[in-house]
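Both complexes below contain subunit A, partnered by subunit B and then by subunit C.
This part shows the complex of A and B:
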């Protein structure tokens, strides 16, 4: 997978998280995964189709999701209820929308699906024939992993 | 105790959401995200606007607009929604009331759709993530213009 696909997602995640959370953010080491991999507990997935195709996951623990939702709503949230999920959904939506704008400025044309949220313990994701690149993002509220598996359309 | 004369008021400003006659501007929120609806409602209510209705898709938004009309001053309209999207809903609302004041709410990257909405008759637009100052500025611009 070419790294130019991933930079827009990382940049957008940085911009949006900084803006909505108002906290320090640092990037961890990128790493590649090619087989099945565990996901952390609360995962927003966005599908891409067009010149490039694949999917992007925004993956975090339940605690981190609640901390982000609390910060974005300006109130303490202790349960992953509909509002908390709608908040994480909106976060994923804003990050992807900005990434797509950046990618489309680079000349790639494609569409994205609205985000969907998965929650649960011990989940795994498997991508056949696409390797996934993972960018860990460290925040005082916890860790968020951007997990991108996209390729150019054959 | 006559506090008004004893203490100078440091907050003379009237809330932005009031009309010159002192009543509140009435707003209908159309957005499928519970989070965004709540966010806009909080920003506007804190300035004295009255949220007279909310809807979760374009079809419901249109229905609510017709129900509320003429007792509604402004609509905030999301673009991507299930059933009927914000563009189609805007079109129908303008068809019903050509003076409707609709502001589009969009994530970045939907410039083409925003342009289309403005051509159809949306009065302005707000890009997410929502910023309190930006939201109030755009909303007031639309309300004060007419």
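This part shows the complex of A and C:
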């Protein structure tokens, strides 16, 4: 993964989460992964197209998803209903969009696809052919993992 | 509550390795379930005369005669002698050999995540470290995972795998005394410590250097009256200090420029592709771009430079130099400009390089390369990755392309043809 792409994603995630949740957040150590990996329970995916292609996954447990949705909506949510899912989608959209804007300022052209959300237990993502950058984010509401995999178009 | 259920989900989802656990002399061990053919309780093995003491005999497993080995005796652990009673036997399938091993008691099957497995420490007692593939702590119990391929596999077996010979070779203590003497033992210990402390893996790639260095090291340590063994990271670093190639962490000098110009030759070069793995802060990548630009001005150069150290690679695109760090060919080629805090490479040089945060053991996708540079990085990968990546290099290099490894790394002769040009050694595909 091109080094120029890393910071925009990390910064955007940091800024947006801090703004919409109003809590302290800390970033864990970044690392690379290429094997298939378990998914925590709720995963939003945003595709990237343009000069490069790839996708960004936002992975969290159901509890964390509910806590984030509650905080963003300003009301206590106990079920992962349509509103809660839409909220998580929106969060994924905001973070990816801001990253892409930052990248565009640097001269890299990306487009994003509408986000989609997956929920379920014991899920696994496998796309062994691309190396993914993992940005772990710790919040009082729980743990969020951002998984970015992009590659230059051949 | 949210926390615990999250942990459970995580734990369940992560299981990708199952092992059969058993105990010997009150300690817990494990082997990969894929190596276990079956488990059973057996007694009255047929005694084989003249066999080593840890061979209990042979056993008729539904028509197949298999050797049965007492793992406790083999590892010199105490045995509770219970004459004639049923013993717990693990039937293993190692390569094309089937054999039974007797243990105190077979426990259960435990599923773990491969990530939980930790490297064994060289100071482990009881069982020689060569035979341990890792340790894992799960459910509050610590399991030592035995590497049965190593213990019983072909590598250890003499030409004809006669049963008596198998264990003879595998017995750690005997190997050391009969075959090698104390000197080899220290070398072997150093090898193991290097891999544990610095993940430096001694293989055919670098064994020649390790042996030379060991002699040197012995002299130094003996005159200074210090222990030969590497006791901590500092010792391992000292041992490895001369391993690193010239111009590590600085721009390549003019002698390397001349060597590379000669190695590449005079022919037409339109587009030149370079892979540079383990580029660190980017010195190698910048050097090669300037060298190629000064030697082949008309060509279009593209360098893919990667490193898995995030901090180093992040600083690579904006590398700042002092005037005295810059070799003559870079000054003459007018490749740098003065900026804030020092000299920086010009846009045309930077645009020729893509810096990537990338781990070479993951999939490498690059166009066919004219030059591959991977100095002093393969030695820090395990042997399987070394072999695999060298093969990738071979596939990814053009027929007249050159490979530059660390100056103390030698790729297999059957695949690579050695070329020396001045102070630089490079390889072409054989």
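Methods note: the second predicted complex is superposed on the first by the 153 of 154 C-alpha atoms of A that agree within 3 Å, B and C clash if a C-alpha of one lies under 4 Å from a C-alpha of the other, contacts with A are read in each partner's own complex, and residues count from 1 in each chain.
To be clear about the criterion, contacts are C-beta pairs under 8 Å (C-beta built on N, C-alpha and C of every residue); 3 or more make two chains touch, one makes a residue touch a chain.
As the structure is a computational prediction, the values presented were derived from the model and not from experiment.
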| item | value |
| --- | --- |
| Three-chain arrangement built on subunit A, subunit B and subunit C clash or fit | fit |
| Subunit A residues touched by each partner, larger count belonging to subunit B or subunit C | C |
| Subunit B versus subunit C as contact partner of A:82, first or second or both or neither | first |
| Vertex subunit A; arms to subunit B and subunit C (CA centroids, nearest 10 degrees) | 170 |
| Subunit B versus subunit C as contact partner of A:73, first or second or both or neither | first |
| Touched partner set for A:137, first subunit B, second subunit C, both or neither | neither |
| Which of subunit B and subunit C A:114 touches, first, second, both or neither | first |
| Subunit B versus subunit C as contact partner of A:150, first or second or both or neither | neither |
| Which superposed partner A:40 touches (first subunit B, second subunit C, both, neither) | second |
| Subunit C versus subunit B - closest C-alpha approach in the superposed model, Å | 24 |
| Intersection of subunit A interface sets (partners subunit B, subunit C) | none |
| Complex interface listing, subunit B residues touching subunit A | 33-36, 38-39, 42, 80, 107-110, 128-129 |
| Contact footprint of subunit A on subunit C as seen in their complex | 2, 5-6, 9-10, 12-14, 308, 310, 313-314, 316-317, 354-359, 362-363, 365 |
| Subunit A residues touching subunit C - in the complex, by the definition given at the top | 1-4, 6-7, 30, 32, 34, 38-41, 61, 63-64, 121-124, 128-131, 133, 142-143, 151-152 |
| Residues of subunit A that touch subunit B when the two form their complex | 16, 19-20, 72-74, 82-83, 86-87, 89-90, 93-94, 97-98, 100-101, 104, 114 |
